[in-house]
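Below: a set of structures, written as structure tokens.
In the two complexes that follow, chain A is the common piece, with chain B as its partner first and chain C second.
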Partner chain A sequence: MTSNYLPALVFMLGGLLIPFLRGKAKSIYMMLIPVVGFINLLGLPAGESMFASFGDFNLVLLSIDRLSLMFGYIFHIIAFITVIYILNFKDNVEFVAGFFYAGAALGTIFAGDLFTFFVFWESLTVGSVMLIWSRKTRAAQEAGLRYLLVHAFGGLVLLAGIVFHYTETGSLAMSQITLGNLSSYLIFFGIGINCAWPLLHPWLTDAYPEATIGGTVFLSAFTTKTAVYALARLYPGTELLIWIGVGMAAFPIFYAVIENDLRRVLAYSLINQVGFMVVGIGVGTELAINGACAHAFNDILFKGLLFMSMGAVMYRTGKINATDLGGLYKSMPWTCLFCIVGAASISAFPLFSGFVSKSMVMSAVAESSHIPGQGILTAVWLVLLFAAAGVFHHAGIKIPFFAFFGHDAGHRVKEAPLNMLIAMGMAAFLCIFIGTFPKFLYNVLPYATDYEPYTISHVLTQTELLFFSALAFALLLLGGIYPAEQRALNIDSDWIYRKGGKAAYAFLANTLNPLNTRSESVVMSVARGTADFFKDAYARIYLFISVNFWLAQDIKGKRLELKKQRLYKQLLEGVFPIGVGAAIAVSFIGLVFALT
Partner chain B sequence: MEKKHMFDNPENVKKLLRIFFSSVVALLVIDVVYIILSEQHIIHRHVEYEWEKYWSFYSIYGFVACVVLVLISKYILRPLVKRKEDYYDK
Partner chain C sequence: MKKDKHEELMELKHDAVPGYRPVFLVVFAASCAYMAYILSTPAF
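For the complex of A and B:
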């Protein structure tokens, strides 16, 4: 069966009808959109289709290959799960924004040319900002605005890159770009902002924890993964990405250890996980690209699951800071269980999904490090191993421990609503299913693979790594060294535009404003003087000529004064006899004629 | 009175910790067995780096990594970046 609907439009247009429906019909309709979208996806022909022309450009709206198809599958799956999760919220804005956002992500990954890619890329920003703003708190409004500004800037960088790229090559094809000229770097950094590269990342940790409960689940799935897709499509094997990825994998875990807001801890760990994918794309071998894509697939599920479990906690208790939580295993046992599944998956425990994908990237790095001249990759491998231990520490242990165990904060709440439990249950099932039967995932990866994650060596060494990380946690906690969670805020590189921006504003205001005032007063006085002069200048000139004329005619005294006043008044009021005006005009034309 | 839950009883916490510490020790023993078996070529072991063959390399690496992570976060990063919660509102 073939189908011919653009996957993006199924979501974007389908979402627009949601506000017109009520009750059960609405819930069923919302769940149907991703299902219909998925069936449509299965029927779409491989290769390029759906051409459109825009001005001189021939656009390719749909381009399907193994890489885009894999992202298409997981985007539909997580959209379906997230929709079930948010059914109990009654906010139409959130629903429409969520579908628009998911549709934009699908449009981006199936775009066959850079222009279509850019249009959907920008739609992603619109959808995600709406998801942040639907929280309707002041913090969310401000964070949303900062998010919008950062992404608008990133979009402009990308657009400039695409325009330069087109002028240089005359092509809008979504094909590999080699870093070299300005346009290649502009596109690279434009994508990098959405990918949350170090120093460009704080939009993520700033805004995601401020979005709505369901919004954050949507957000965690699409923006960064679309950027990962774009890098895999346009910049595979770019060495710079290895170093960027290593930075992403390493630095956020330090922040995650001291962060109090548990959804922000997850936001930091999201960057950490995307770091593994970026390293894989940078290495660029088939195994590495497969690893990056497989890990993106799994991360969407387990990170979504973790955000869902924290969202459920927030929904029931109204709290999300570690200092306000604890002991919830008593009242929310199912949420607790699903959270642990997510934690085990992100930590890459055997039989859980992270185990079968993170090690692909690790193995690819290790294999490439044996190539002569690539020895430095050994250091990359060691940092990634450090990050793999660290992620268990902050996401695998910290999240479940501080929310569900630890010090009992005394919350006696109901278990999460049924729809939330079903959504979490589905994600948890998929995490274990993929972890146990990785062949299903491997079959949809961009390259055919015979990678075998379940070797004795891998299972044993990974278990050792994780158990001894846990041992460190336990001993540090029992020994009182583990940093107690504190009600505090940790500044990050967004300080540059949040405080630095204010400081720059104050500096400019203090130095430039006085200068401005001075310049203004000078300009004003000159202008006022000139205006005063020109107000009646022509009248004065006429008067000057006339007075001399009259003096020659021997008109003097009172009569001269009277004539002067009458002429001046007539000139200003413009009631000059028409004949005189005509005479002046004619003589002027005559003068011009005589001179030329 | 509220129902007693599993970890309200300190005995259960102790029991859990005991199980955990024993499994940690068990892993160290299994690693020895595994090294012997692979040295004797009874089990084929593929390693990328020589140090992966050292006894409990991964255990020590994981433990040290996490201790270093926590110490750096607590004693270096937090003093540098910690601010009051209303820092940006002022």
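For the complex of A and C:
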């Protein structure tokens, strides 16, 4: 048991005080939260835990091991950098949501049981939706709502899986699950939605580009990476993940090449990079898991850096489409430089961070492909190689080229604000530092490793790949074959949901609505008839008795008709002595009693 | 936010620079041949 604080609460509760502060005090306070959180984390060595009772359950709110610690370190680092990046913004909702979201991510990775994990997992959704809605545009509101629907569905699937898992095993432990029964697949699928697996991914490319400038940086760091963590924790070595990861690494490249919105290009690129991590987890060897985790660590930094540079461009120009940008290297040279560092890192240039982690995953796949019966992994390795070339193509070249070089769109703007430059500079420094001195990263990986990325084979293979990719880009562009950037919406697999949803709506409208109308007419006609009857029922009953009484007195013809009309009118108007009214009421009640 | 006049395009085309289409085709053919050779070697 530890005397330190729950890392999640440092952020979640700390963030709530931000709206009460102003000016420099607010900025300092915001920067202090991740610093205090990091110091708190350093006091939590591997093996520490924290418990809480909930009904009959003994929940493990905190469970520290090397895997969770590594994610904890990078989450604190990126939170600190992002906070510096957004200091010039004024929206308290964005600040609070950002800290809540970061806290939820920390809660998720340090959760020691599935129930605690689920609670923080759902908190992630709340924080991320608030970050999307903070932009306050119609597109952001709609994208946020779609995001909420998808993740609420994913959360329900995950919860169902956890409940079934507990029913079957009697355990909520965050330990390895083997795919086999329904609960294992439900949990797997629930995590897969947050991991943006192929066909489940449109929420990411839909919502991330619609969030606020700082919100997108937050979003790029946490949701998918907590899913990667969850897969590494619960499903290491699950072969199905290799094929899912290969799909993730390959398909976004095509969309990224034709996409006009540069933040959406990065969103596709994010899925592509997570694909490498998922493959590593699927392979499941120590080297592969280390590679997946190291790549998650690096991706948070270089993808954050790329989103920050595009955010700075958007902040200064108000534009983010490739068709509206170009030539900004003159106006924003530092932002351009930092963007190039991010681009070199994601492309895995030697001496940049992506190189030292991506080559771990590639080496793990290559090593496993030599195991008898695992020859198919050679095909996986080739697809990853293609994906690595594709990354350089769309994120390494396209992003800096269309934003800062290419055709001059005529923007003459100021350089990004100082706080943004400092944040980008910190991320860029870490990208180069980790790429140059990878041992610092390797020391925090889940398994001890003596992996050496800078072998002649690795460096030559990667450099050759990058230069051929650059040659391909240059020749495609100069040969007029490179697809034009168009102000258009690209159809993705969300087409299935959108069209499927409309078809389901039309089907239900055409079947249920007529049934509803018909049912309503039947029920209403019966109700109306009954109401009409009971409106003057007592008068009719009393008239019936009176007419028979008058007939017995031999009153007939016109006189009988006049008496009937007069009595009916009196009955409706209620102009009777109380005794007569009471007699009518008693008669009516007696009749009803007799009938029932 | 200071903004100068700038052009907003519906489409950003990449027109071919004369002479580069054949260069592309030659390099592409050579690359395919090179890759075919690599994949066909026993070492792979």
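FYI, the second predicted complex is superposed on the first by the 517 of 596 C-alpha atoms of A that agree within 3 Å, B and C clash if a C-alpha of one lies under 4 Å from a C-alpha of the other, contacts with A are read in each partner's own complex, and residues count from 1 in each chain.
What we mean here is this: a contact is a pair of C-beta atoms (placed from the backbone, for glycine too) under 8 Å apart; a residue touches a chain by one contact, two chains touch by 3 or more.
Owing to the predicted nature of the structure, the values given are computational and were not obtained by experimental measurement.
Novice: Of the partners chain B and chain C, which touch A:487 in the superposed model: first, second, both, neither?
Specialist: In the superposition, A:487 touches chain B and chain C alike.
Novice: For A:473, is the partner it touches chain B (first), chain C (second), both, or none of the two (neither)?
Specialist: The first partner, chain B, only.
Novice: Could you say whether A:414 touches chain B, chain C, both of them, or neither, answering first, second, both or neither?
Specialist: After superposing on A, A:414 lies in contact with chain C but is clear of chain B.
Novice: With both complexes superposed on chain A, which partner does A:317 reach: first (chain B), second (chain C), both or neither?
Specialist: In the superposed model, A:317 contacts chain C only, not chain B.
Novice: Of the partners chain B and chain C, which touch A:347 in the superposed model: first, second, both, neither?
Specialist: neither
Novice: Per the contact definition in the header, classify A:116: touching chain B only (first), chain C only (second), both, or neither.
Specialist: neither
Novice: In the overlaid three-chain picture, which partner chain does A:335 touch, first (chain B) or second (chain C), both, or neither?
Specialist: Neither partner.
Novice: Is A:366 contacted by the first partner chain B, the second partner chain C, both or neither?
Specialist: After superposition on chain A, A:366 lies in contact with chain B alone.
Novice: Going by the touch definition up top, name the partner, chain B or chain C, that contacts more of chain A.
Specialist: Partner with more touched residues of chain A: B.
Novice: Let me check the overlay on chain A: which residues of chain A are in contact with chain B and also with chain C?
Specialist: Residues common to the chain A contacts of chain C and of chain B are 412, 468, 471, 476, 481-482, 486-487, listed in rising order.
Novice: Along chain B, where are the residues that touch chain A in the complex?
Specialist: Touch list, chain B to chain A: 2, 5-7, 17, 20-21, 23-24, 27, 30-31, 34, 43, 45-49, 52, 56-63, 65-67, 69-74, 77-78, 81-85, 87-88.
Novice: Report the residues of chain A in contact with chain B in the complex, numbered from low to high.
Specialist: That would be residues 253-255, 257-258, 329-330, 363, 366-367, 369-370, 378, 381, 385-386, 389-390, 393, 405, 412, 455-457, 460-474, 476, 481-483, 486-492, 498-499 of chain A.
Novice: Could you please specify the touching residues of chain C with respect to chain A in the complex?
Specialist: That would be residues 1-17, 20-21, 23-24, 27-28, 31 of chain C.
Novice: Under the definition above, what is the set of chain A residues touching chain C in their complex?
Specialist: 315-319, 322-324, 402, 406-407, 409-414, 468, 471, 475-482, 484-487
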